[in-house]
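Worksheet: the structure to be examined is printed underneath.
Labels run A, B, C and D following the written order; every chain starts at residue 1.
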Amino acid sequence: MKREIPILLVGITGFAMLIQYFIPTGWSEFIFTYSQDWVIVIGILAMPLGIWSLVKANVSKLKVPGERFYSAVLLAGFLIMVLTCLKRENLEMGSLHMDMFTYVLVPIQATIFSLLAFFIASAAYRAFRARSVLATILLLTAFIVMLRFLPLGPISTLNLKAVSWILSVPNMAVNRAIMMGIGLGATATAIKIILGIERTYMGHD
Amino acid sequence: MTFLEKLMQIDRRWIYLAIGLAVIIPTIWPFDVPVTVSPEVRKIYDFVDEMEAGEYLFVCIDYDPSSMAELNPMAIAIINQAFQKDLKLLFVTLSQFGPGLVEQITSGLAEDHNKVRGEDYIFLGYRPYPAIVIMAMGVDFRVPFPVDYYGTPLDEQPIMDGIKNFDDVKGVIEITSGSTADFWLIYGNGRYGFPLAIGITGVMSANFYQYLSSGQLFGIIPGVKGAAEYEKLVGYPGEGMAQMAYQVIAHTVIILFIIMSNVAYFATRKKRQQMGGGT
Amino acid sequence: MNQLTRIISVFLLFAFVGGGVIAQPVEEELVADTLSPSAPMPPTNVRVKDKPNDPGHGLIVEWDLSPDDGAGLNIVVMYDILRSDSPDGEFVSRGMLPSQETQFEDVDDTPPTEDIPNPYFMPKNSNWYYKIVAISDQQVRSEPSELASGTTLENLFHWGKLPILFGVLIFSGFLLIFITSAKKGKELYVRPLSGINAVDDAIGRATEMGKPILFVLGLGTAGDIATIAGFTILSRVAKRTAEYQTKVLVPVQDPVVLAVAQETVRTAYLEAGRPDQYDPDNVFYVTALQFPYVAAVNGIMLREQPATNFYMGIFYAESLILAETGNIAGSIQISGTDQIAQLPFFVAATDYTLIGEELYAASAYLSREPVQLGTLKAQDYSKAVVMIIVILGAIAITTGLPYLLDMVTVRL
Amino acid sequence: MTTYELIGNGIAAFLTLCIFSFLYKDNPFYKFAERLVAGVATGYFTMLLFWTNFQDKVWQPIFLNGEYHYIIPAILGIIMWTRFSKKYSWISRYSIAFYIGIGSGVSITVYLYTYLFKQLQATIATPLTFDVAGLNIFLVVIAVVSALVYFFFSMPHKGLFGAVSRFGIYIIMIGFGAGFGLTVMGRIALLVNRIIFLKGWLLELFGG
């Protein structure tokens, strides 16, 4: 009852969505659109679970001396964003809410993203050592592709040809093969879930 | 520990510092990096350069803001060259998000060169279904675009006097983030046979070199690198050159680190093997 | 899943915009040149049929070329397809097609609403009349062709998707065969995967060091199949850590993922016989957006110094940020994703990577249950079928036989 | 730039430096920015969900438009709240079941189409010819098949099969190397944008 019925529901909804794909009628389209709305609605209404988890963890950390300040900052940031947006109009540019978005959220996000410039270099330094055949292939290909930016005269012309061949032959073939594998693997996992063979994600007691 | 052994275990912060400097230095002291002009870029420059003042060039700008950084510089370089030569320019966009972008670029550059809309250049606008729009323009520009982007009828604009379709333009340059290039190849060049060149993002460019050898394209400008080459030819060092400086230096730094890493690895390998350790 | 809705909405937009915009220039009929050039002949034999595989909002118009298209005067450059809801009603242009084309698909599936009227909407079982005008290179329009009409029908099966149906059936067939044979106790061989073998060592290492394990499920939702694969791996990992009494930290960025991850870990502890060890606070929500989430996970890595980091699920640009930070913290890292663009970074920066399909196979590997291993065999047989189609298909198309290609071509 | 914008950009510049300080080592400034952004991001996302999604998908349909069938997912969503209770949390599994059922059911066909059939179709669509282009197509077919062999789980990778599989993983590594090398440019550009932002702010502060 606590586990079997949910597993059965997974199977029924999953099978229904599978069948729906092959039926082009208006009803079938309605079911598809509506089911996507279901997922969205469940996701929205589950949001309090996330907020609760976050708030609970940080309120309890308010008692820990070293953590107190940081948890207070987090809770304050959250509260400010909520309190500055009590009307829908606050989502338009010019409100304090959107200024927080522009001057706090956007720059931090962009900066974290830009850390990749450093990390791509350090990862290359560490990983691109010719310590095995595989590592050597990885290293050489990346090397050739990166070389396209260096002004090397006639070598550049040759290099560009090599890069374009790498992209249009081995790289494309690999992407296709990996995608086909993923297609089969994802399908197998989905079918296992629908048939109830894979049910570890669903609790029981 | 020898120097090379230390190099193997280099503190990653030195790498971070090198990358940081590679980006910061060109920001403070901008400089030009040496750019080798590739033949496929030079051909486009020469093509435009050999045109006479008053002749017509058709420029199609088919990208959206997401590939602006890479493609704006080449669009600007080409338009600069064309305005400088007093060519007449026709602009069109087949990208949904293109119109605002084209408006911005063209009106800004026209002002720089004292060019008048409707006399020296015209922006036709945007229509969906690229294939059909291209074919319709092959019949008459007025079929898909009875009025231009600003709502002025084509026939009321002096630039359109005696201009009907692709037969009346010298060539077409298509600047694109990808998919629309195929339409220009198949329905444009394929059907009407006008000279066609493309400017395209670096990643996508690889797929189009085959059309150079087949003669369907007379030139390609690939990504930031191509843009920098074009800027060098035109003599307007702009955003392409600036970006190229960052990229060349950063790529060089990473490549040097990789070489260093391998030198250190091979130099210390023997010692490590004797000591029975691995990496 | 979102992609599909996006594709559909873009299509709707085009169907709507296209109908209006393309029609525009033609209605203002361009005046002929002064020399009064001759008009082309209209196309002939116009037929209208229901558009198959749709809910009844489209028709297909076909015709034979005008005698002046590619022959005769050879002056036709365009066809204008005109439509009306009655034989003598007002005909409006539905689209223009270049010469040599003989087919037009007329679709409008945007029902009118109170705010946006759409007189062109084609409801199901509606009747429409068509005629076609040929246009010459001098913009001279021919007489309209004879009238043809058709009715939109709602179809019950999408024949274009038939290959996918066969795919599902064949795959499920293999699955059932190998699961049954596995249940009978048939030994199944699976080749070792280094990423999987590393899992036990990694858990052992965490236990020895007395440090936690960090399990990152990525940025997917609980409905994404890669994230679900992540749950199944989390379950196997949690079960073993419960036996060794090692802590598993699972920071998540979606409330539904939070709920499922909590259920997964709790069940694993229950099955390991240690429900008392389960602490729901170890599976926690950090924040919703990509990079703030990454910043928080980075913080956890550097402060908790986990012995092992798992990255299993959907990852975007953050893959390398996480992997490099984990490396700074000195953790052993095992990654797996089906995001092809991120695989190079995981391969370069983590110790073991499950590449694409291996992510989906990991759960079966870790469970060691015969039934689960049977599904791997089914995947392999399907892969063999795919490989045979690739080889035979390449030979067939080279020898000029398109049948195999036709068989696997899905026409949406 | 107004004073307000200058201050706003000053905060943004400070936070940018806080994040960059992480590169040296974890420190209180980074931790501050990290926690602040976690709170702000959650608050922003919550309100965005509330005003757009919740209003449009729950409130409006049920209470304003009379689309009462939206009550079903709304109830399933509210059921998720049973997770606050230890005793009744199992009820939330019903909602999870729908969520995962819909996700898996839709995935099967989406994955088979985009990942399998489309790739398969593209691989066998072009005839081989006796020239460079034909050779490349031939190589693509060989590479696809070998890379697929690498993914075989239930056969020992030995002998000829092992050799093909080995070739497969070599090709895969070429693909990954190319992917890595191609991405460097975009990542550098991201950093350049941040540096230009900082430079612009400094110029504004001291120059204007």
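Note that in this section a contact is a pair of C-beta atoms (placed from the backbone, for glycine too) under 8 Å apart; a residue touches a chain by one contact, two chains touch by 3 or more.
Note that the coordinates shown come from a computational prediction; the quantities given were computed from them, not determined experimentally.
A.B. asks: Could you run down the chains that neighbour chain A and chain D together?
C.D. replies: B, C
A.B. asks: Could you find the two chains linked by the most C-beta contact pairs?
C.D. replies: A-D
A.B. asks: Express in whole angstrom the distance between the two chain centres, defined as the mean CA positions of chain B and chain D.
C.D. replies: Measuring from centre to centre gives 28 Å for this pair.
A.B. asks: So, what's the distance in Å between the C-alpha centres of chain C and chain A?
C.D. replies: Comparing mean C-alpha positions, chain C is 15 Å from chain A.
A.B. asks: Where the CA atoms of chain A average out and where those of chain B average out, how many Å apart are those spots?
C.D. replies: So the centroids are 30 Å from each other.
A.B. asks: Send over the residues of chain A in touch with two or more other chains.
C.D. replies: 18, 21, 36, 39, 42-43, 46-51, 54, 105, 108-109, 112-113, 115-118, 120, 122, 124, 126, 128, 138-139, 142-143, 146, 149, 163, 167-168, 175, 178-182, 184, 186-187, 189-191, 193, 201-203, 205
A.B. asks: Which chain C residues reach two or more other chains?
C.D. replies: 1, 161, 164, 168, 221, 223, 225, 228, 255-256, 259-260, 263, 286-289, 291-292, 295, 340, 343, 345, 347-348, 355-358, 361, 379, 383, 386
A.B. asks: Of all the residues in chain B, which ones touch at least 2 other chains?
C.D. replies: 12, 16, 19, 23, 202-203, 247, 250-251, 254
A.B. asks: Would you tell me which residues of chain C are touching chain A in their complex?
C.D. replies: Against chain A, the touching part of chain C is residues 1, 5, 53-56, 124, 154-158, 161, 164-165, 168, 171-172, 175, 179, 221, 223, 225-226, 228-229, 231-232, 235-236, 254-256, 258-260, 263-264, 266-268, 270, 281, 284-292, 294-295, 317, 320-321, 323-324, 327, 338, 340, 343, 345, 347-349, 355-361, 363, 371-372, 375, 378-379, 382-383, 386.
A.B. asks: Touching chain D in the complex: which residues of chain C?
C.D. replies: Touching chain D from chain C are residues 1, 3-4, 161, 163-164, 167-168, 188-191, 193, 221-225, 228, 255-256, 259-260, 262-263, 286-289, 291-293, 295-296, 298-299, 302-303, 340-341, 343-345, 347-348, 355-358, 361, 373, 376-377, 379-380, 383, 386-387, 389-391, 393-394, 396-398, 400, 404-405, 408-410, 412.
A.B. asks: Show me the residue ranges of chain C that touch chain B in the complex, using the header's touch definition.
C.D. replies: 14, 17-18, 21-22, 24-26, 28, 30, 77-78, 95-98, 137, 139, 328
A.B. asks: Which of the residues in chain B come into contact with chain C in the complex?
C.D. replies: 12, 127-129, 132, 135-136, 139-140, 142-146
A.B. asks: Taking the touch rule as given, give the residues of chain D at its contact with chain A in the complex, in rising order.
C.D. replies: 8-9, 11-13, 15-16, 19-20, 22-23, 31-33, 35-44, 46-55, 57-58, 69-70, 72-74, 76-78, 80-81, 83-84, 90, 93-109, 111-112, 114-117, 119-120, 122-123, 136, 139-141, 143-145, 147-148, 151, 168-185, 187-188, 190-191, 193-194, 197
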